[in-house]
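Two complexes, one shared chain (chain A), two partners (chain B, chain C).
So, the complex of A and B:
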């Protein structure tokens, strides 16, 4: 084989690789490859909108992947992903531009659980600049376990204002969950356990 | 014409001339024998050019079509590399969570921590961990069974909130279930509840 033939074959191989590589890459890394065309278009449009609005896109892509993995129908996946996007947008509007990614996703989940936006605002104001990711996650957890939204929102806000720590809140959630499994009414379990959480008020606020 | 000093009438010269004029008789298989000998002779080795062949400049002529295809190919390779190195969610592979065979108490880096997931499921035949940290893949993070019927997986996770679930293979087939020992996530929209882990926040469950 002459050098010219070798060169031509090398160039042909390079061209073939270059033309087919994007297609192969698309099949290998596209997390939405298993979605039908219409649903996929909706999800990609939502991802692009989230990008444009400065919202995190990972929760949107992840929710679509979750739906695919759970063998949900394409239209349902598109609908659920849209709900996630709208919740993220509302969480951003509620918590402000400085909310970090975890606060946004936790806030969006809390809003999806039916917790009113005013509860998120109250927690933000009571936190004095602290991250409210943990109170939001615990709040969503309690509501998911059956605690009425208003009861859960008031209890967590009071504990948060009283200086309860992240570990206190997560311990509270675990205890309430155990009590509910043991047969206690969700609201009673929360109120009973909340009384036992040590409140750490700053020295200036300790009652005389 | 004769050489000076040679006499054409010399008997020796005459003998030579006679011999030269005598027709040569060739053997009938001579041609075949010669060709056999030629075929049996090995080809001469091509001169070794070494590195010089690659480095020597030579003119290269490409048609416009070939040039365009070549450019498209190079762009394609670039796109391939980009897709391989970055996911659509903007996280590079370095930021992607990975399963590790490490002890849960091992310290992680500032932004990544090692977390151990445990599920008590003595009757399960297989359990896998799925979540937003492994693209919800049922095959990405299989859990390991311990002697006391627990299933364990140790995973490196970025600090933050993560949603996950277990896929338990039992007598009734594969079943998705939340972590009974963890915080619950609100309705996932698909009818199977998930759990939440907060990595790097207090005593993460």
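So, the complex of A and C:
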């Protein structure tokens, strides 16, 4: 084989490598590739368990990816992902088999925030078949901002029962957050703002 | 301020900037055009008044930044190409509070028909950043001016520190300059100097050293930006003329709309011995038009421009896309990540003075996200419900409905 042929073959091989390497790399993308082996094994086991139980797996994988992106340690990621899995399982047990994925995700977030399961059941029963995703999101938000769990649970339940819409609840979350940033006590901020939610609710029903 | 590293070769860099792809949402090009009047006066020279047009084009991505600017002056009845500047900067990501920068620059300085020259230079900087609230850097570099009495390269070494106090960014720098030049055999006081290499009876080759200490304050709020700086030069009478010992200048930019601003400024500019340019007083007044205006001028490093996000919006933009908008002024980068990006950071693109935008496919449902400004801490966007992320932080929660 002449040097010219060798050169041509070499160039062809390089060209082929250049074209196929990125494709191969793309096929092999593993969202958990950056996790250490032990933590990755835990996360994969939890994903398998979620699959087996009919729970959504996306929140579990997503939490692991989030931990990796935020440079959290592998064992911590595994622990947090396990909490998500257990919360999803509890949310499903609480909200029932017919809870959709968003409700399960929001319910799991509320449970992780420390909202008692009974509060989720009350919201479900008060919703008359409506999706309780937004009330659950707002509930978890209020508690994460420092509103006592019982106060937050009662207020949201009362508003939900009184016919408050999703936009009302999202607006409530926003204004309470602003009040707290301005120095108001979290519980006072919620109760004060809850009274201003435009629903036809007897005053006595708003928790004092 | 003595900056031997600034200002020719503007056209190639400008063309390069325009030719570079915007690579989706990870890089951007911004443009500005300033039109106004400039008045300057140097000792012993006739004061110059000119109308000027100053275009400015910048390409910015996380790693590479290119900037090209120039100015044309109406001198008599004809327009004349005056200053020009092209800069390329490569910045590494910040790891363990450290990042590095390589800066290459080519420039042309124009005071008048006599006082003008060109220079190329390269610098390396190492930044140490503390929680986006302060930092410091060390730098070293070399510059080569042309058409001046300097017969060697100019060695530049320096350090700087910055901090944020309220809405203001305060920066202090120390820069030392060292070079060989053909100078007068006597200093500015008339005293005869000893020369290592005498060129003739009146001129000799001299080693020059001097150091600049400079403080800068940048403050901006709403539609107003203010910059002020002052400095002092250390060095002997051979290298530092009395009119360049101290200097101060200030400028203000008032944004009348997201695309147009009034610019006013003035002050004293010290001599630039390495480029043979005298000290001068100046004042300028103009109007600036901007398309996706990017960075505010200043020697402050990228990491220092964090400030609060004033508004966060998300709205449907087609069948499956959502337009995320963040309103924040005076920053260099804004990123977003969430479950809809597999928690991979996405650079937002600047669409106005304080408007950053990303167009992303986000399915209906409940989503979690974070935003980050100038490489700082990942935070939930304002006015969204939040929850703990489990990693000592918080995420914002979006509920997308179709």
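Side notes on the structure shown:
The rule is simple: the second predicted complex is superposed on the first by the 171 of 208 C-alpha atoms of A that agree within 3 Å, B and C clash if a C-alpha of one lies under 4 Å from a C-alpha of the other, contacts with A are read in each partner's own complex, and residues count from 1 in each chain.
Everything below uses one rule, namely that a contact is a pair of C-beta atoms (placed from the backbone, for glycine too) under 8 Å apart; a residue touches a chain by one contact, two chains touch by 3 or more.
Note that the structure is predicted; figures quoted are calculated from it, not measured.
When the shared chain is aligned, chain B and chain C each come close enough to touch A:112. Contacts of A:133 after superposition: both chain B and chain C are touched.
Residue contacts after overlaying the shared chain place A:37 against neither chain B nor chain C.
When the two structures are aligned on the shared chain, A:57 is found in touch with chain B, with no touch to chain C.
Touched residues of chain A, counted separately for chain B and chain C, are more numerous for B. Once the two complexes are overlaid on the shared chain, A:47 sits against chain B while remaining clear of chain C.
Within the superposed three-chain model, A:182 lies out of touch with both chain B and chain C [touch as defined at top]. In the superposed model, A:165 makes contact with chain B only, not with chain C. Residues common to the contacts of chain A with chain B and with chain C across the two structures: 31, 58-59, 62-63, 65-70, 72, 76, 80, 83, 101-102, 105-106, 109, 112-113, 133-134, 137-138, 140-141, 144-145, 166, 170, 173-174, 177.
Within the complex formed with chain B, the residues of chain A that make contact are 3, 11, 14-22, 24-26, 28-32, 47, 57-59, 61-63, 65-70, 72, 76, 79-80, 83, 101-102, 105-106, 109-110, 112-113, 131, 133-134, 137-138, 140-141, 143-145, 165-167, 169-171, 173-174, 177. For chain C in complex with chain A, the touching residues are 337, 339, 342-345, 365-366, 368, 378, 383, 385-391, 393-395, 397, 399.
By the touch criterion given at the top, residues 31, 58-59, 62-63, 65-70, 72, 76-77, 80, 83-84, 101-102, 105-106, 109, 112-113, 133-134, 137-138, 140-141, 144-145, 166, 170, 173-174, 177 of chain A touch chain C in their complex. Interface of chain B with chain A (complex): residues 53, 66, 69-70, 72-77, 79-80, 83-84, 87-91, 130, 132, 135-138, 160-161, 163, 176, 181, 183-194, 196, 198, 201-205.
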